[in-house]
Every structure is written in C-alpha cells, then in structure tokens.
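So, here come the structures, one by one.
Across the two complexes that follow, chain A remains constant while its partner is chain B and subsequently chain C.
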Partner chain A sequence: MTDFIQNCIDGVMIGSSYALLAIGFTIVFGVLRRLNLAYGPSIMLGAFVGTLLYVQFQAQILAVALVTVIGAVLAGMYVERLCFWAIRRGAALASMVSSFAIWMQLEEIAVIILPERTYPFPALTDLAPLEIGPYFLRSEHLTMFVVAVVLVIVVHAVLYRTRFGLAVRAVSENPDAARFMGINIDAVMFWAFAMVSAIGGIAGFLILATDQQVTPYFGLWATFKGLIAMMLGGMGSLPGAILGGLILGIVETQSLWYLGNDYKDLSAYFLLFLILIIRPGGIFGHAMSEREREALRRV
Partner chain B sequence: MDDYVVSVLSNMGMISFLALSAYLLLLTGEISFGQQAYFAISAYLSAMATAMWGWPLWAGLLLGAAAAAFAASVIGVLTLRLRGLYFSIATLAFAEMVRLLFVIFHYQIEIDGEPVGPDGAEGFRDIRWVFENNISAFEYMVIIFLVLFIVLVLLFRLWRSRLGSIFRMLGEDTLLAEMQGLNVIRFKVLASGIAGFIAGIGGAFYAHFATYLEPQIFNVMLGVHGLVYGLIGGLGTALGPLIGVALDIGFLEAIRAIHGYRMIVFGGLVAVLLIFMPRGILDEERVHWIRMTWRRWRNVAR
Partner chain C sequence: MLTVDNVVTSYGMIKALKGVNLTAESGKVTCLLGPNGAGKTTLMFTIAGILRAQAGTITFDDTDLTQFSPVKIVEHGISLVPENRLVFPMMTVRENLETGAYLRVGKNRSAIADDVERMFARFPRLEEISTQLAGTLSGGEQQMLAIGRALMARPRILLMDEPSLGLAPLIVKDIFRIIEELNQAGVTIFLVEQNARMALRVAGHFYLLERGRITFSGSPGELEEEEVIHRAYLGSRRE
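This part shows the complex of A and B:
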C-alpha cells in the first residue's frame, strides 16, 4: 500500500507537467481548431539553446530557464506564422502537415546546435527529498508541481478574467461570430499561440531539469505526451487536460513500478485506446454523439 | 544500376505501400497515425513464415498482408464511433501498442544450431529468404515495383468504380451517405481492411529487404511520414502519395550535397508549398484540369 501511494504521489508530480503540455494543446486546438504537431519540437529548440548556454558558458539556472522559455516562444511564433497564419482557414490538414514539416526542420536545427546524443541539463535544486511519514517527495518534483499549480491558476485567470481571455474563448466558441463582434482573430490566435508556447517552455524546462539531461527525442516525446494527456481528458477542456495529465502520470509510475519499464508506455497507450473506444469524447468530453453534432451543424 | 540507386528505389517502392494505405483512409475522411502497425504486423509475420517455418516469400507475404488486413478490420470496427482527431489518436495508440508488444515478444526456434526469430528489443535477425533464393537486389526491386503497379492499377479501378465513389462519399459527408441508405459501417470496415492489406504488402517486402527487424523502426515517425506523403502529393489521384514519396526520399537523396541541412531546406519547402497548394500538388482540381487538357490535346491531334 505504501508503494502504491508513493507511486501516486510521484505520478501526480510528473503528471502535473504533462497537464501543462496538454493545456498548451487544448488552447491551441480550441482557438485554431487545428493540431500543432510542432509544439514539442519548438519547446525542444528553446531547451537546446538553453542547454547550449549551460554547456558552453556555465550559465545560471535562471538564465537557462529564461532562454528556454524565450526560445520556445520565438519558435512557436515562427510555427504560427508559417503553418497557421499563412495557410487559409479551413485547410486544417495542410496546417497539420506543415507543422510536421516544420517539426523536421526544428529538430535538425536542434541537432546542429548540439550534435551529441545527450547533454546535461542543470538541476533545479539539490535539496534532499522531503520525508513525510513513510513517503518521499523529491524537491524537483515538488517544484514542478507547485509551478504547475501556479501556472494553471494564472492561465485560468487569463482566460476568465481578462479581455484577451474573453476574446480567446469567443474565438474558440465561434470564430465567425467573434469576427462580427470586432475581434481581431489573427491577433488572438497569434497571442494565444505565444502564451501556449511560454507555458510549454516552462513545462519543458521543469521536465528537463528533473531528468537532468536532454536528447533530440524530447520533441517527439513532448508532442505525444501532451497530445495523449489532452485526448484522455477530452479535447478543448481545461479541467480535462489537467485530469488527463495527472492520470497519465499516475498510470505510468504505477505500471513502471509493478510491471517494469517495458510496460510503462504500453499500459499508458492501452488505457488511452480503451478510454477512446468506451467514451469517444474523452473523460470530460461532450457526450453528444458525432451524428447529432453533424445534424445540428446543418440546421 | 548501381546498388545505391537500387536500394533507394526499393525504399521508395516499399514506403509507397504505406503511403497508399494512408491515402485510402484519407479518401474515406479518416486521418490515421497508425498505418505503421499493419506494416509491422505483416513484416514480423511474413518474416517468421519464411525464416522460421520455411514458407516461400509469396505465401509469407499473403499471410502477413491477410493478418494485417484482419487486424485493420478489427481496429476499424473498434474505432467506428470515433471521428477526426479522436480517430487519429486511437490509431496512434494502437500502433504504439503493437510496437511495444514487439519489444516484449520473444519466439525463437533453433535452425542449424542458431536461434532464429523475434527476440524482443534485440530484434529479428537473419531474414534471409531473398539471399538464399539467389534473388539479386535489382530483381527484388523489380518485384516490388510490379506489385506496386498492380496495386496502383487496382486503386485506379477502385477510384472509378461504385465502391470508390462510396468511399469518397464517406469522406465528403458520412451522414449524407447514411441517408442515401448506404451501410456506412460495412464500407468503413472494408476501407480499413483494404488499407491494412496494402500496408501489409509493404511491410512484408520491407522485412525481406532489410533482413533485420526491430520494433523501433515502426514508430510514430514512420506512420506520420506515410500519412504526410499523400497530403503533400495531393489526394486527387492515387499517384499523389507516390509523388510525396518521390519528393521526400528522392529529393532528399538528390540534395545530399547539403547534408546536415537537408531537413531544414526540405521542411521549409514543404511548408511554403502547402501555403500555395493546401490540398497537395495533385489535388482534385488540378487532376481535373490535366484530364481536360489531355482530352483537348487528343482531339486537336485527331
């Protein structure tokens, strides 16, 4: 039982970073109705620039964090302009393919910056783990969790307490109606993208600081972890993204502990497949069936 | 032809099956991130048939492709209720499950004192049927392209047939197709099965071309590439995916001179191309235009 609870604690801590990635996907998908496959790689590019500073100039951890976030935002803006702004609305598939092509591009740039397979990433803290009764709490995990909670509160406040957030929600609700209300859709998309990239950059930094190493696989990893966590919870729902991230984290740590490394990803994918089949809209997704929605669209 | 060209061309031929498989599903309006699963299933099964059970290649290929078609039909039934991104992610989850199952799949028998068979993450070595039967790399390439040609001809016939228009109708508007009295479920599962079979052919060829399989080959990247080829080349005809393959593999090999930067160049080119041609190079409109022009020319010549 102790093991089980310990795994749950670790899972929630790791899952909080998945939740951040999932929030990034959810907001972009809600606003743009398009999938940004280059999300992970643009975070990775930021992280690689940060790592370069750390490896070459022994930069301070805060500087690395700042560069990672700024790099991720710049890469995200580049992706938005090229794959989403430039391609007319309605061509959702073209945007997805385009973001995939840019993924390849970003990955190659990252490999040119740092050609080796792995590089060290600065650790966030070197404090001893916190002991609570029989349980341990790694200080990196705790930091990750706290930052994630703060970020979720900030994102929620931005979305529900500011004019910008109102515009974002209006655009996700109905782009045409939002345009008639005088909202500049292009600007909303751009800044939503920038915000999401910043969240991704912070999440990426926290994850890498916990692992203390970066590899060129991080882009693929981040894209699909975020995507899976979002789909578990249901697309376009903020609580869904958070729940999906936490569930993914817990399932991974539990199966790693009880079944071994070979089964860690396997059980995560199995759970995802099962949930999608049983509840086609994800856990928090709308229960309305596709057929009804299609019918409503015509009315 | 030198060996290098033969191996590049063979690669293009084999990946084309994967691209055509994803293309068929795109026609019915489904974006699959998971066609590599059927590629992998057939690769492993056909290799087991030839290397372990002593079957000839054609039998192994048929077995592999049939198994892939069966798996694809089952997944087709299971994912019937899913649309859009949910379908894509479900197929992705399935394909990753298949890949990870091959990581823990061990089944070996002794042949001539050597263990043969899939050995989990260590991979599946010595799939030597092509080598043992004295088929040269060039002949093997010719076989691949012959089969590819047959599949293409069948796809073109399918495009013109009633079944083809049903598939396109499903892609255009499922609800409307249903209101026309079509059995949507049956045709969706059928499309999924055919797509699985086509991917399976490619997988079986791949296993005997590479002579070595490991689960890592069949990751998401393979599937996403297969999917993207059709979208770059255009969905107007079955030639679209082949154009995508030729652009990616052929073009990348051609610009070896800028080795190390080629994905930067290529990725940028694709992104710019998609701004001007969001439905790919050979989209429906352009195919129609080409057909009309061709007809006019023929009439003038007469």
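This part shows the complex of A and C:
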C-alpha cells in the first residue's frame, strides 16, 4: 500500500508536466480546430538551444531556462506562420501534415546544433528528497508540481479575466461571430500559439531538468505525452487536459513499479484505447456538465 | 448614411452580387427583401468586410469602407447581428454582451459595465438570465442577446441579417417590436429579411434583391404587398 501511494504521489508530480503539455495542445486545438504535431519538437528545439548554452558556456540554470522558453516560443511562432497562418481555415489536414514536415525540419536543426545523441541538461536543484512519514518527495518533482499549479492558475486567469482571454474563448466558440465583434482572428491565433509555446517551454525545461539529459527524440516524446493526455481528458477541454495529464502520470508510475519499464508506455496506450472505446470523446468530452451539454445542443 | 454603390461580389467564378446600389438613411429602418440565394447575406458580409467587393464602393458618412478590414468596420460604428444569431454558446449572457464591446474592453471597464446595465434595462429578460450560458436560451432570447451584443459596440448603424429566421410567430412579433423601439430611440437599421409582411411594417424604405440585382426600390405601399411577398419568397417570374 505504501508503494502504491508513493507511486501515486510520483505520478501526480510527473503528470502535472504532462498536463501542461496537454493544455498546450488543447488550447491550440480549441482556437484553431487543428492539431499541431510540431508542438513537442518546437519545445525540443528551445531546449537544445538552452543545452548549447549550458554545454558551451556553462550557463546558469536560470539562463538555460529562459533561453529554452524563448527558443520554444520562437520555434512555435515559426510553426504557426508556416503551418497555420499560411494555410487558411478549412484545410485542417494540410496543417497537420505540414506540422509533421516542420517536425522533421526542427529535429534536423537540433542535430545540426548538437550532433551527438545525448547531452546533459542542468539539474534544477541538488536538494535531498523531502521525507514525509514513509513517503519521499523529490525536490524536482515538487518544483514541477508547484510550477504547474501556478501556470494552470495563470492560464485560467488569462482566459477568464483578460481581454485577450475573452478573444481566445470567442474564437474557440465561434470564429465567425468573433470576427463580427471586431476581433482580429489572425492576431488571436498567433498570440495564443505564442502563449502555448511558452507554457510548453516551461514544461519541457522542468521535465529535462528532472531527467538531466536531452535527446532530439524529446520532441516526439513531448508530442506523444501531450496528445495522449489531451485525448484521455477530451480534446479542447482545459479540465480534461489537467485530469488526463495526471491520470497518465499515475498509470505510468504504477505500471513502471508493478509491471516493469517495458510495460510503462504499453499501459498508457492501453488505457487510452480503453477510454476511447468507453468514452470516445475522452473523459471530459462527454462528462461536460449538464448545462454545457444543453448549451451546445441548442445551437 | 450608408451607401452601397455598384457593388460586385463573387464566390470564385460565380457572381453573387452583380452591381448593387442602395442607401440606408440615418435614423431610418431600411429593408432589403429577397428570396433565398438572391445575395442578401453576401451583401451583408461585403458591407461587414468579411467578403471583398470586386467592384464598386461602400461608403458610410463619407468614409470609404470598401478596403477596410472587419475590425476597422466595427470601429467605424457598423455592427452586424448575424443570421442564425451566432451567440457564443458556452459563455454567459453577460460575457456575450461584453464580447460585443470587445474593441473597448480593457480601456474603460466602468463604461462597459454601464452599457451592460443599459442593455439589461432595454431587455429585462436578459438581466434575469444574465448568468446562464447563451446556448441554453430559447431562440427568441438568443436573438435578443445577439441584438444586445451588437448594440454593445455602440454602433451608428445596425445591420440585421434575418432576425426572424426560425422563430415562432409570436416571438417574431417581439423582435420586430424591438426593431421599432430601437429605431424610435434613434438607431439606424439596415434589415435583411424574408418575412416581407413584418418587414414592410417597420421599414421606411425597402429594396427587392433578386438574383444579385436590385429590382425594386421604394416605400412600403408603392408596390402591392402581395406582390412584394411573392417576389421576396420566390423571385419574379421569368418572362
């Protein structure tokens, strides 16, 4: 039982970073109604620039963090201009395919910057794990969790308390009507993308600082985790993304402990498979509140 | 005064508007009637800047709007109540109203709050349901909300695209009563309708649009109501 609870604690901590990745996917999906497969790779590219700074110039951890986030945002803007702004509405598939092409491109750029497979990434802290009764809490995990909670609160505040958030929600619900209100849809999409890339950059930095290494495959990894977490929770739903991320984290740590490393990812895919059969829209895709379902039906 | 001068708008190869001329005078209700596919909504979208006119000009109080972006057109005091209402279903009634004032949001919070109160005074029903999600409202309530939302932009002219569409006859009466009241309060209205009978009651001037062309311009009463209704629903018979 102690093991189980310990796994749950670890799972929630790790899952909080998955939740951030899923939020990135879900906001872009909500606003653009399209998937951005290059989301993970653009984070990876940011992290590679940060690593370059660390490996070549022994940069401070904060500088690495800053460069990682800025790099991810710039890469994200590049992806937005090429795959989403240039390809107009209605061509969702073209956007997705081109975001896949850009993914390959970003990976190549990363390999040119740093040609070896694996590079060290600076650790966030060297503090000893916190002991709470029989349980341990890694300080990196705790940082990850706290930052994730803060970011979720910030994202919520931005969406529900600011002018930009009003525009993002309006565009998500009905882009045509948003245009009639004088909302500049292109600008909203661009800045939503930038915001989401910053969130991804922070999440990526926290994950890599915990792993203390980075490879070009981090892009693939981040896209997978974010997509799975989003689909578990329900596409386009913010609470869904958070719940999906946490569930994915817990399932992974549990199966790692009880079934071994080989079954860790397999269990996650199996869970996704089950959820998609039982609730094809994801957990929150169908479990919308009664009034929200009613709201959609009438329109 | 809104002036549409010889406007041509196409979808690809198909010309939807083949040189439309009309004016909507300030302080009046001007009505555009016509059957499905005549180009009524196309004209609305062209005025609102969503579609680009290939030829002709659209001017409003001496400002040429023809090349303006939709954002700039809203800034110039032209607000659209879209066909099918298009309220934001997952936002509350109050939030929907706030999106109407989007261009002013963040600049003057108290003025927007005052405007929301003014909308509630004009549409008391909206105040009762201000915290409900817009998607849960009835069709008539949604139409009221869509009108309120457009008014939140403090427009100098209100474009209304088929406000009676899909509403029960009693509710349609309510909506037209609102249009009359708004007009008495000084709002300039350009109304596109298929419900000719109701529209002729509120219109100061009306136009018939058939197959992309204006085929009649005049005051209600100049043309027999039966003929207007016939042409508004079915178009003129081909000779």
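Assume the second predicted complex is superposed on the first by the 285 of 299 C-alpha atoms of A that agree within 3 Å, B and C clash if a C-alpha of one lies under 4 Å from a C-alpha of the other, contacts with A are read in each partner's own complex, and residues count from 1 in each chain.
Note that contacts are C-beta pairs under 8 Å (C-beta built on N, C-alpha and C of every residue); 3 or more make two chains touch, one makes a residue touch a chain.
Note that this is a predicted model, so its numbers are computed, not measured.
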Between chain B and chain C, more residues of chain A are touched by B
Touching partner for A:V97 - first (chain B), second (chain C), both, neither
first
Exercise for review: Considering only the touch criterion stated at the top, classify A:L166 as touching first (chain B), second (chain C), both, or neither.
Suggested key: second
(Q) Once chain A of both complexes is superposed, is A:A86 in touch with chain B (first), chain C (second), both, or neither? (A) first
Query raised in the report: Regarding the shared-chain residue A:L259, is it in contact with chain B (first), chain C (second), both, or neither?
Result: neither
Worksheet item: Who does A:I153 touch here: chain B (first), chain C (second), both, or neither?
Response: neither
- Using the superposition on chain A described above, determine whether A:G182 touches chain B (first), chain C (second), both, or neither. second
So the chain A residues that chain B and chain C both touch are 291, 294-295, 298
Chain C residues touching chain A in their complex are 48, 50, 69-71, 73-75, 79-80, 82, 86-91, 95, 98-100, 102-103, 105-106, 132-137, 142, 149-150, 153
Touching chain C in the complex, chain A uses residues 162-163, 166-167, 169-170, 173-174, 176-184, 291-292, 294-299
Touching chain A in the complex, chain B uses residues 31, 78-79, 81-83, 85-86, 89-90, 92-94, 96-97, 100-101, 103-104, 174-175, 220-221, 224, 228, 231-232, 260-264, 266-268, 270-271, 274-275, 278-279
So, in the complex, the side of chain A touching chain B is made of residues 29, 35, 37, 82-83, 86-88, 91, 93-98, 100-109, 112, 220, 224, 227-228, 231, 235, 262-263, 265-266, 269-270, 272-273, 276-277, 280-282, 289-291, 294-295, 298
